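To start, I am sharing the structure in question, which I have written as structure tokens.
Chain IDs A, B and C follow the sequence of writing; residue 1 opens each chain.
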Amino acid sequence: MRFDPRLEQRIVKVLLWAMTVLTVAVLVFIVFFILRKGLPAVSLDFLTKNPVDMGKGGGIFSTVIGTIVLTALAILIATPLGVGTAIYLTEYTWENAVTRVIRFGAECLAGIPSIIFGLFGFILFVTKLGFGWSILSGGLTLAFMILPTIIRTSEEAIRSVPPAYRTVSFSLGGTKWQTVTRVVLPSAVPGIMTGIILSVGRSIGETAAVIFTAGSALRLPTSLFSSSRTMSVHFYILAREGISLSRAYGTAAVLIIAILAVNIATYYLMNKFIRKYS
Amino acid sequence: MPTDAVAIRVSRFSHFIGAEQTLRNLDLDVFRNEILGIIGPARSGKSTFLCALNRLNDLVRGSRVEGRIEIDGRNIYDPDVDVIELRRKLGTVFATPIPLPRSAFENVAFGPRMAGVRDRVRLDGIVRDSLEKGGLYDEVKDRLDTSALKLSGGQQQRLCLARILALKPEFILLDEPTSGLDPISTMKIEDSLRKLKRDYTIILVTNNTKQAARVADRTAFFLNGELIEIGPTAGIFTAPSDRRTDDYLRGRFG
Amino acid sequence: MNRLERKDRLVRLALLAVAFSAVSILAVITVFMFEQGTPIMFKYGLKNFLAGSDWYPSEKSFGLWPMIVGSIYVTFGAMVIGVPFGLACAIVLTEFSSKPVRRVIKPVIELLAGIPSVVYGFIGVVILVPFIRETFGGPGLSVLAASIILGIMILPTIISISVDSLQALPPAYREGSIALGATKWQTVRMALLPAARSGIIASIILGMGRAIGETMAVIMIAGNAVSVPGSILAPVRTLTSNIALEMGYAAGEHRQALFATGVILFLIIMVLNTMANLTSARRKRDRG
């Protein structure tokens, strides 16, 4: 019996669409569930007061600070390294064995799971270098985690600057460095920013790499060597130890909103980037 | 008025990209204050020749040269030549207008800024002067701060001309500058060139033979990386000595 | 030489040093991992380490077999859920939806990628685990729970790379097939999917890599029992959970055994990533 292809298509279409709708529904459900249960716990007090009694009471202020400081440190370290590498790969070399090795290294780094970064950070920064559980250890570890993303997006952004611009700069007596700083980078900035913001989003939600390097101290950090707890680590501990369900939901809600905001910012920047070149 | 003083002397000059030879044993002189037209079919080496003069070819992977090009008595391929200064001396205008994504003012000020000029008053003077010489000042004087991308094609090309004039070059190299422009813009640029040759030496590569006939004092015919013949424009067009030149001018190929 | 050109040379050297940072970091990580982890593997014998079923660190017994099986089961389960749904979404997004619909669904799926793994784990604990416990029995913390949550987590990876592969196919593939009288689905099944095969396979391999490397969500919902799971309702511990759960208090040889677990994980991921890169490279080569 020959199957009518149009009937087959109709069945398949329904099936595929059902699966897609289910997938989308699951995501939307997750977000709404967390927000519905978590937003009631979120208030100005929640955001500005420190945790009390191991998190059973109070707010999440010190963890918000921890997240901000850790992410900022990671970005501050990874951005010059990543953008510099991207500039070198695209502007200062022709494609050869060296560039392939560098790119291979970055690709490999990109695939390593965060727990291994956590392990590595623990061995190197916390133990061998003696930084202990600290913002410094955590920031360095996170920086290495986001480095491949920044390299990749910066390289793409730099490559999409029209070669003609560079020709103009050289023909007007510009050096390589002048061309890079006055022509290439200004045009590549939106794309580079996109990579940076994406990495911010990733750092905010990161737990495994952070908990073993920055520790989980609840106090407000006082120096680079203080241990500090981020929101995601706090959420994990609250949930796992069953300390306070309402505050766990609240922390999760804040996390999701922060990441949503970051995603929207990225989308907006990318559109601006695309519009500029079409 | 074109002089007899030799500004550029090209001696047995060849250029290679890897194994491929793009310019073959060129021997020619460029006289000061003349407009030298270079005609020839596609891929005849005309643009490569310009890029050999301003050493933009150096940026191409595998680029290699033999022979000499002397400008003001010095071989520009000597190892201790200041290439940056050379490129300021030989301003180049390309076939497609390439305004940088900034204001008209910033475009013209771009070269001088890179050379170290910071004083705003001085820059203002340079920009105005260059735009006037390029025949664009009147049209943009009220919108110097608007994006150069908003100008018309012809205006953009004249902006590119002003951009190189801002560096006070000795030579102006143009690579098919009006190939994408309307007749009026073309005419404006050709008029500017006639005025500019008083103070500059101009080399004009063009695939439009009529343009060479209109504007150039002497004309050179390139084919397959070779210089076939060179001489006063009138002579080349009415009585070329080489049969290939004659064929090209009559449109039998190219 | 021009003063500016001299500065240029210095800048070039500085950037070269910076660029090597990416490679050196990777080299340093690899060297460290192996330096810390391999001695103990050879002390107790590689066979005991990988195939031993007893993980009792206090008694110097370091058999990783239950965790290796655990990782395999959970990853396989994640693929069973993630691949069909992921491909379905990719096909719908590229072939069966209109531009406005696509512009809504695509960012929503990209958002999926941004949700932290601890949140996924939490949802699993609060909703999925009780559901499994009440409907199917067992403790709820199980291979099934981990597979479902991990499957959801790898969806964005599979979807975005598959979508890219499908969209990169020249329109001629579609037009030619339709011109021959095929329906859209026939076009997809017989022309597009085979043509995008390498990209799709690469996405699946990368999804696998993500699933194997996932830690936090798995810890929260998989039960973490050190035993080879007897069914999908049984609790399970993966290689990653093993590291994360015990690193906080491990010392001496115990700690070294955890580093060794990291080495094994690292090697598996390297192999997977290289395979994924080779498949994408073949895709690029085939299309010329």
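The rule is short, and it goes like this: a residue touches a chain if its C-beta (ideal position, glycine included) is under 8 Å from a C-beta of that chain, and two chains touch if they have at least 3 such contacts.
Fair warning: this is a prediction, and the values are worked out from it, not measured in the lab.
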| item | value |
| --- | --- |
| Contact pairs, highest-scoring chain pair | A-C |
| Chain whose Cα centroid lies nearest the overall Cα centroid | A |
| Farthest chain (mean CA position) relative to chain B | C |
| Centre-of-Cα separation between chain B and chain A, whole angstrom | 49 |
| Between chain A and chain C, centroid-to-centroid distance (C-alpha), Å | 17 |
| Centre-of-Cα separation between chain C and chain B, whole angstrom | 56 |
| Two or more partner chains touched - positions in chain C | 2, 4-5 |
| Shared interface positions of chain A, touching two or more other chains | 175, 178 |
| For chain B, residues contacting two or more additional chains | 84-85 |
| Chain C residues within the chain A interface of the complex | 2, 4-5, 7-8, 11-12, 14-16, 18-23, 25-29, 32-33, 36, 84-85, 88-89, 91-93, 96, 105, 107-112, 114-123, 125, 127, 152, 155, 182-186, 206, 209-210, 212-216, 219-220, 240, 243-244, 247-248, 258-259, 262, 265-266, 269-270, 272-273, 276-277 |
| Chain A residues touching chain B - in the complex, by the definition given at the top | 94, 164-165, 167-175, 178, 182-183, 187, 276 |
| Chain A residues touching chain C - in the complex, by the definition given at the top | 5-6, 8-9, 12-13, 15-17, 19-20, 22-24, 26-28, 30-31, 33-34, 80-81, 84-85, 87-89, 92, 101-102, 105-109, 111-120, 122-124, 144, 147-148, 151, 175-178, 201-202, 204-208, 212, 232, 235-236, 239-240, 248, 252, 255-256, 259-260, 262-263, 267 |
| Chain C to chain B touching residues, read off their complex | 1-2, 4-5 |
| Of chain B, residues touching chain A in the complex | 54, 56, 59, 61, 84-85, 87-88, 91-92, 94, 96, 98, 100-101, 110-111, 113-115, 163-164, 167 |
